[in-house]
Each structure stands twice: as structure tokens, then as C-alpha cells.
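Two complexes are shown next, each including chain A; its partner changes from chain B in the first to chain C in the second.
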Partner chain A sequence: MKLSPKSSTSSAQAGEVETSTLNKVRLATKDPFFWSNWIVVIAFILVVLVFGALKPHSFLTMYNLNNILVASSIPAIIVVGQTFAVATAGIDLSISSIMTFGAVVYGIAFTNGSSWWVAGIAGTIAGTLCGFLNGLIIAKRKISDFIVTLGMLSVAAGFALVISNGVPRQIVSNSLSNLAIGGFGGIPYLMVIAFVITVAAHFFLFNTRFGTHILATGGDPDAARSMGVNIDLVKIVVYSISGTLAGFAAMLTISRIGAAEPAANTSLLLNSVAAVVLGGVSLFGGRGTIFGPFVATLLLQALTNGLTVVGVAAYYQYVSIGLVVILSAALVRTK
Partner chain B sequence: MMTNNPEYAIEVIDIQKSFGSVAALRGVSLFAKPGEVTAIVGDNGAGKSTLIKCIAGVYTADAGEIHIAGKKVHFTTPEESREFGIETVYQTLGLIEDLTIWQNLFLNREKMKCIGPFKILNKKAMRLESAQMLKNLDVYIPSIKGRVRGLSGGQRQAVAICRAAGWGSKVVIMDEPTAALGVRETAKVEDLISRMKEQGLAILLISHNFDQVLRLADQVWVMRQGNVMAGMRAKDTSGDELVALITGASAGKK
Partner chain C sequence: MKKNNRFLTIGISVVAAAALVLAGTTPSNAAGKKLSSIRIAVVIKGLDNPYFVSVKQGIIDTAKKLGVVANVQAAPGLNDDIGQANKLDALAGQNYDCYIVIPITSNNLSQGLGKVTKAGKPIINIDSPVDPASLKAAGGKITSFAGTDNTAAGKAGGVSMLKLIGSGKKIGLIAGLAGNVTSNARIAGFEAGAAGSTFVGPVNADWDTTKALDAANAMLVANPDIAAFFAANDQMAQGVAKAVAAAGKKIPVYGVDGLMDNLNLIKAGSVTASISQYPYVMGKMGVEACVVLAQGGKVPAWTITPYGVIDSSNVDAALKSGNQTPPGGYKDPYAPLIKK
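For the complex of A and B:
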């Protein structure tokens, strides 16, 4: 190595720059956050590639991809609320029941002459109230999130049956059904709405003071309280958000099926928890993203859809989704 | 007896606090000067923790007065005490492991900026100021964007201390700041405390480590069974004398 002093220093500098970028990549891959954030994206791409290779002419069609987006949109809205609850180290087991309750309130408002969007506001407010009650009881009575929302699961489902007499109501509204059918630049309206909510939630969690307090409350409630964070308020707001989104999603569900049904869709709850875990949100709170669970929701719908396309019986689909969730949780945990 | 002296950063006068029938503080009076480390020593149950919690606003004293720079103050919550420039570093530190260092430094004091109708976090300003806060006390942390989870015990202690010192605070209370640290990290934290002292902060230090107290402190108060047994300059006392006062073998001088 016969280099003049000048060139040796410059090459040394170049070397430093190189190692620092290399180090950055190495550090990033060592960070557990990196894996929990990106594993779901990799898994999603894998699922699309595998099913695309197996059935390119039925899975990878515009029609089918559109189906996946439409099917993902309501779960994607629900999962935002669940992500907030889990980020505070809680869980909202009542979201699917609140959604049913919201749907029934929608049906009553609509059949009593309200326009489609006024009924939507009524259903959403009904959801907000349920969520607010959840949060209030959790924060003020210091009862575990699990128990309170489990109770609300039953209470909201019960009230939905009581006020509807257990009878579904048909909802005929062109504007509403147009919401489910139409699209914006090839993207279904429902997915556009879900995406806007997701982006807004991301902004709220990572760019506002309250968002930081949500993460702080989930990470270490005692430390957060000692710094003056109002952790009761955090709990109340988080569950109110979750309830509001469930009430709002009720309207979108009605737009798809054309009826307000008092029956709870339990797979929605299961899928929301699954997507949160898959999306790399820590069940111990304080850590997570909004986009992780969003991609995880797409992944779960693509998986269900793909299994149907390749002809796997519906019963096995439950098994496979459960296995994917457990597997991904195990992977993230060991990293 | 002590008088109401504006030269004292903080002075407590005849503080009493009982929990039911248990008298934790039976009329404690002491002071701390700015630019000094004031140590409070005593056996377990002597009332040290109760005293600092009264000063930090966690408890409200049953009787007695707290003066800050000669002015009588009254507060009932930690937030109010903080507004008077009193910060506390507890043994648990109060850091959130999953948040970054700058997020912890600014927790509940986030800097905001307005974008249209929205008030959003001014992350850039907080990062810059965080780096400055650490630099002011010569604390070296590889990256303020890193999470507290990745820090060693000494680094965590340093971050917690910087947070307490960095808010225009006048009095910083530290509860056993080096109890969980190794030799090298203890030395670093002690250096940090010395630098805070040079910057004119009044530091109230609770420690069981007599060597450390004699090394760091300017003023020492000895507590026993809810009373102050003695107060003296650290240079005028010795480990043996402190032990005698703490155990009650020596009656003390007020």
C-alpha cells in the first residue's frame, strides 16, 4: 500500500462513511422494532407472490384485488381503534359488539326518516358513548381493560338485540350503497376512507402531544403519572376513539350488506387482535405503529382470499389464520 | 433557630406529617443553599423519603412551612412543586423505556408548533434542545434518537438527572442516585452532580453511602425517627460521627 498521506486520509474517510452506513443497516436489523415493523410487509408481499404464482389468472386480477381491498377496509378501521387500546397496554374486546349496537341505532334512525348520513352520525355517537363508558370505568374504577370490555361485549350485544327486537332492518339508500360500490381512481371508496383514517391515526399517535402520552401510558403508567401525564384521560380518550370507529364502521358495513343486523360479527374482533399482533404492536403497550396493523389487515384478507381462490375449504382458513398469528407473535418475540 | 433566609434555595420549617397514628415527621427543619450539595442521611424509617415527598408535592405536610428563596410556598401536587422549580429524581427514575431519549426528556413538556389549525410536535426543536441539555452537563449518549431501553443503568440515571436539571429548576432532589450502579458509573454520576452544583443548583441528596456523602456534600443533615438530629458542614464531620448520630449513640447537636 503506497499511498500519499493525502489520498490515504481521503480513502479512510470514504471507508468511515461506508462503515457508518453499513453500521446503520446492521444496527437497524438488530433493533427489534425493525423486525416487528417490517416482518408484516415482507409476509404480505410473500402471500401475494405465492398466491399470484399459484393462481395468476384468478388471484392477480383487478377484480379480485379490488375484492381484497373492499374486504379489508372495515377491519382496517376497526383495527385502528384496537391498536390505540393495545398501545396503552389494554385491549378492546367490545368493538364488534359496539359495531353491532351502532348498526342497530343506525337502522332505527334511518327507518324513522333520518337521511343516510344523519343515521350514520347517530350510529357513530352510539359507538362513542359505549367506548367512553369503557374508558371511564377502566380509568376511574381501576378495573382491568379485559374485564370491562368483555362486559361491554355482552352489554352492547344485548342492547342491540333489545332495541331491535332481534329483527334486522333493511336499509335502502342509493347514496349509501354507492359508497360500497363506487371508487376513486380505481380504489374503492371504503378503502379510501379506511386509508384516510389510518393516516390521521398515525399523525395523531406520532405527531401530537396526546399521542406521545398514549405511548407513555402504555409503556410505563407509573413513570408517566410521575411526569404529570393524565393517564385516566388517556384511557378514556383511547376507548372513546375505539368505540367511535366501531360505530362509524357500522355504517360502512350497512352500506355493503344493505341491512342493519343485530348479530355480532365476532371474527372482526378476532381479526383485529390478530392484525395488531401481526402488525408488531406490543401487547404490553407503549410500542407499535399504525401502518403495521393496517398492512396486517390486508395480509389477513389476502390470505383468506388466496386460500379461497386455491380451493382450500373455509374451515381450514380459520386454522391457517390462527397459525399465522401465533407464528408471527413467536417470531417477533424471539427477535 | 433557623430564620427565613432568602439565601437558602429551599428551607423547610417544622414540617410534620403523620400517617394515621404513625408520626413520620415530627417537626423537621432544614435548608439547602444554591450551588451546594445537601445530603440527608438516616436509617430506614428515619423519615427521609417522607420529607422529600413533602417537598416534591407528593404528600402535603400536616404542619410546617416550605420556603423557596425566602418566599413561603404551598403546593399539593407534584406539578405545582415543579412549577416552583423543584424536580425530583426517584430511584425508579420515571423514564419510559419504549420512548426515545428526547421524548423522555420532553415528556409532558413537549414543544409544539402550529401548522394551520393543528398544533403538532416540534420534533426537530426537541431533538436539538435535548442534545443541548445533555451537553450542558457533559453527558455523552450515543444517540438521543435511541430508546431508553438500550441504555445502561448509569446512562439512564444521567438522562433522568438531565431532565430534572434542564427545566430552569432550582432544587433537584435525588433519592439514592447511585444505589444500583457500578463503580465507574457511580463516579460518572458523581461528576454529573458536581457539575450541576457548579451551575448553581441546590441539590438534595439522599444516600446511604457515607463515603459518597462526605465526598460530595457541603452540608449534611442527619435524621432519626422523624427528627433532625444534627446539621453540620460535611468537612467538619466524619463517617464515625454520622454512624453515631444515625444509630442514636450520639444525641446530636442542633
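For the complex of A and C:
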């Protein structure tokens, strides 16, 4: 409860204010949602502190923080799409191969003379189409999200191989590689882009009527339907967003590795699911945040980076990352 | 209660993370000429393939023998080209004397290597070459390359197989991932070495044992007169051997790499031969090249690492030695340049 303001400022009252604030904190920590929202931030700070203490001169340098931000940006964009899918109680297992498909479309457009950004639009639209198909089939045929996107995982990967003939295409463009190397006031462009997308997604989910419909669909689809929410439309839009972001992320990937590769990178998919759960989004839908998964992505990348900088042997890295995912998820878990 | 549990779990996770951190090494800013002060950073491909485990072993053993420090990092997962690039980025800003890399694709590490070169550090590229065009665009420079000639290795396999089955026969070809440079080179080399034969395929089995088994089954059904198989790596050759045995046939099966598993199968007779490459030697040469450079020496820009056909005639010797190095010895241009 709010404190009633009093005119006098005696020391006794100051003490009262203090205990009340403490009390508020105590109450807040008893709220399970407080933990699911903030644990990932605490974990992230802990990871930075631990590695910072171990290797202050290599982990906590501007150069290395820049590395973590660059490494986080593409997964952070992917995770936004995954968050939307999970918020409707769905899951998008096809994002990594949609990204591969988008990359291949990018490569074909670019090598046929499109400029780097026109090719980017082509790749993004390719992603949108895949996502739209996902949503359409899920909504109209009433098949589980899991099965449809699992199918798309294979179909998109297959089409990527078919249209590329399995051959990677080199993309040599200074403008594009500058996107990966350059920055804006010390923040890498890639992270600026990821952050803008994250903020826009937050606004969309929590400040628009459609965003409320998304959460309502995930919370209780029958209730949402009877309230007049167009659930089919919600599913189609959500998966289209996820596909679009995957297609767009394909361009950013090419900016980093300089080639359109027809092989799918499944680590991105696994990381996105881990980040969504760590970020406090309920896998049963209806409840979630956009910033939680964003911070979780930073956490996972900072962890991988820190373990590499400290020189932990590769085998132990798998173990430690898995442990952190499980332990944090155990903390985040609410009834 | 619940709250306490949470704090306990936080505590556990922090301790777990800290416990996994191995003893760090003290960086030295002086251009370390002393062996004990030389630090090498290594980024290789996924350790889910025994081939790269062998590269890693060569690096670790050689580093230990010479008394230098090597931080060996691997790509976090299969095809995780960005994850591998992140690892190199994380190491590129640190005070290492030299970097050894095996890129997943010919381009994915180029930007990170550009940073390494800009920091004035030498790069040794082993096994799979970095694409020169993308490297140049990123401002990177490879000081020395040590790897196999996959075309020559494939050709040696083709020549050896022709001796066994004679010319004019049908040979089934099993390739790795579609479009993969290494696979293409091995297959093309084999076709040149076994010229005069009729080839079925190549069918892509993605370096995978099970996929190779299925592919070989299908090929045998369609072409019962196949007289031999060539697979572009040992793991696929194992799958092919299973298919051949299941079909009740006794025809030669060749693989490439010289993995210990396969040598055991060669001894047992289910696989006929493997064109052995020596990943252990590549790792060893990488470390030696780095040490020479850190000591201020010069290294050759291009070294072809050894290869050789292992079959029933020499499999015992190879098994006995662990097949880390060729039975007949090999030329190592780096080792004599090291100042002890």
C-alpha cells in the first residue's frame, strides 16, 4: 500500500518509510512473477561479475563487450519471433531452416545482380511466406503447432538445398559487411537493429489490441474465441512475424559470415527455445515478456563468450551451458 | 522456504560455473621468445567428429611436449558457423601469440581473422582452407596453411581399388554433404584414379553412417552388379559395409580418414581400405608453425600433410601406433625450425 504523506519529517518517520520499502521488496520477492521476470537479469549480472572478476583484462573490455553484443544480436531477433509463437501456446521449430531458406534466396537474388538491401527484402519475404504457410496450416487445418513447424523445418531446409543446388554462394559486399563490423556510438549496428525490433515487439504485444489478443489466445483459446478474438488470424500473424524475422536475420547472418550457406544452423533454434523459457515466458502460453528473452539471449552469449575467454575446454562448455539453462529454468519456474 | 530454495539454487549455479573454470594462465605482454611464455589460441570444427578430436589431440600433445600453452576451442555444434565465429571473436582480442583455425565453411571466420591480422598476430590455417577472397575483403592474412590434398588422397584410393577389382567395373560412390568442397575433391580425385570404371552416383549421405547405409542399400537394389564402393569418409564407409554385408555380398569398400574404428573394421575384413589422412599431424604442425613464428622465425606458406592407403597389408602397424602418424614417416617442415 502507498504511504500516506505527512507534513513533518521526523527521524522516526524516516525509519518507518525505510521498513515499509523493505516490506515492499519482501512482498515483491514473494510474488512468483517477480522471480520469473527478474531472475534472468540477476543471472546475467552474476555471469558478467564472475567472468569479470576472473578475467578483468580480457572479459570486461570494450572489445569483448562488443563481441557479446554482436554475438547476441541475431539470436535476439530470432527469439522475438519464438516468443510470439510461444505466447500463443505454440512453438516455432522451423525458424532455423526458414533462416537458411531466406539466406539462400538472398544469395540467389544477390548473385543475380540485386543490391544488398533488395536481396535482403527478397530473403525477408521468403521468410514471411514460410511463416505465413505455417500459420495458415495451423489455423485452418487445426494441426498442432509442433507438428506443422516440425514439417516446415524439413521442407524449408530441403527447398534451401533444392534452389541452391547445395552450393554455398559467396556474398562480397562492403556495405553488408560494414553492417556487421560497424557501430553507432560504440553499440554495434546489429545490436541497434535487434534492440529496435525488441522494443517494437514489446510495444506491439503490450500496447496494442492485437497484442492482447495474442496473449488471450495463448491463455485460453476457447475463452478468447467466445470474446470475439479471431484466433486463426492471431496464429497466422504470429507465425508470419516469426518467419519474417528469421528471413531478415538471414541477411544479418550473411553480413557476418560472408556467404549464403544452404546448411541449417540448429543451434539457433535450441538457443531460442532456451532463451524464451529463461526469459520467463510460459510454454503454456498467455504469459510472457519480450525483454526477458532478450536478456536471456545476452546471458547465454555472455556465458559462451566468458567460458571461451577463460579457456574452459570445449567439452565442459556444453555441460556448463546446459547446467545454467536447467538451473535458471528451475528458478524461473512458477506455478 | 521457496525463497530459500531459490537462493540456494543461485548459489549452486554460481559455484557450478566457477568450478568449471579451469586454472587461468598469466598473459605476458613481452614478445615471448621463451617456449613457456608462448600462448596459442585454437578454433576448430565440432568435436562430434573423431577426426577433429584427433586434430585436438595433436595440438594438445605437441603443446605439452614443447611446453607452450594452447587454448583449444571448438564450434559449439554441427554447422554452427556463427557460433564458431563468435568463439574466434572472443579470442581475437586477447593476448595470444598465434592463432590456429579450421573454418566450418570457407567464409565464416573471415571477419574474425581480419581482426586477428589487424592486431598483428599470425594465423595458421589447418585442414580446410579459408577462402582467399573473403579473407582479403576482411583484411585478414593466413601466414601458413597445413592440410591434405583431398584430390590426391581420393586418387590414391581410386588407383588402389583398380588394382583390386580391375578396370571396366561398376563402382558405387557415396559423397558427403551436397556441395561440400572436401567431398567433391575426394570424389573427383577417386574418379580420376579409377578412370575406366563405370560410376554409380555419387549419392550424398551427409557424412552420416546411417544415411550411407540406406543409400548403399538403394544403390545395390538398383545395380546388383556393383563391384565396389567408395565413400568420401570413414563413417559413411562403415554404413556401406553394413549394407554390403546385409546384401550377402563380398565386395571392396573404401573410406577416407583412417579413423581407428575403421582400422579395426579393416582388420576384421568388413571394410577393405581407408585412405588415411593424419589430422593428428595437422594439429601438431599447426602448433609447431605457431611456435616458430612466436620465436621470430619464418615458416613455409603451404604444406601438404601426408596421406596413405591403409589396407590389410599395413593395418596392424597402423593399429599398433594409434595411426596418429603415417607408418613410413613423413616430412615435417616446421619442427626443425623450432629453437629449443
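Observations
To be clear about the criterion, the second predicted complex is superposed on the first by the 306 of 335 C-alpha atoms of A that agree within 3 Å, B and C clash if a C-alpha of one lies under 4 Å from a C-alpha of the other, contacts with A are read in each partner's own complex, and residues count from 1 in each chain.
In the analysis below, a residue touches a chain if its C-beta (ideal position, glycine included) is under 8 Å from a C-beta of that chain, and two chains touch if they have at least 3 such contacts.
No experiment lies behind these values; they were computed from the predicted model shown.
Superposition of the two structures on chain A shows chain C fitting alongside chain B with no clash.
Figure note: vertex chain A, arms to chain B and chain C, all at CA centres after fitting on chain A; angle 140 degrees, rounded to a multiple of 10. In the superposed model, A:N207 lies in contact with chain B only, and not with chain C. When both complexes are overlaid on chain A, the residue A:A180 reaches chain C alone and has no touch with chain B. Applying the stated contact rule after C-alpha superposition, one finds that A:I42 touches chain C and leaves chain B untouched. In the superposed pair of complexes, A:K142 makes contact with neither chain B nor chain C.
When both complexes are overlaid on chain A, the residue A:V312 reaches chain C alone and has no touch with chain B. In the superposition on chain A, contact of A:N67 is made with chain C only, not with chain B.
Look at A:A224: by the touch rule set out above, it reaches chain B but stays clear of chain C. Touched residues of chain A, counted separately for chain B and chain C, are more numerous for C. No C-alpha atom of chain B lies closer than 18 Å to one of chain C in the superposed arrangement. Residues 33, 203, 206-209, 212-213, 215-216, 218-220, 222-224, 226-229, 282, 286-287 of chain A are the ones touching chain B in the complex. Chain A meets chain C in the complex at residues 29-30, 35, 39, 42-43, 46-47, 50, 54-55, 57-58, 61, 63-64, 67, 70-71, 74, 161, 164-168, 170, 172, 174, 177, 180-181, 253, 256-259, 261-268, 301, 303-305, 307-320, 323-324, 327-328, 330-331. Contact residues on chain B toward chain A in their complex (touch as defined above): 78-79, 82, 90, 92-99, 103, 107-108, 110, 112, 119-121, 123, 147.
Listed in rising order, the residues of chain C touching chain A in the complex are 3, 6, 9-10, 12-14, 16-18, 20-22, 24-25, 27, 47, 71-74, 76-83, 85-87, 89-91, 93-95, 105-108, 110-111, 131, 133-134, 137-138, 177-179, 204.
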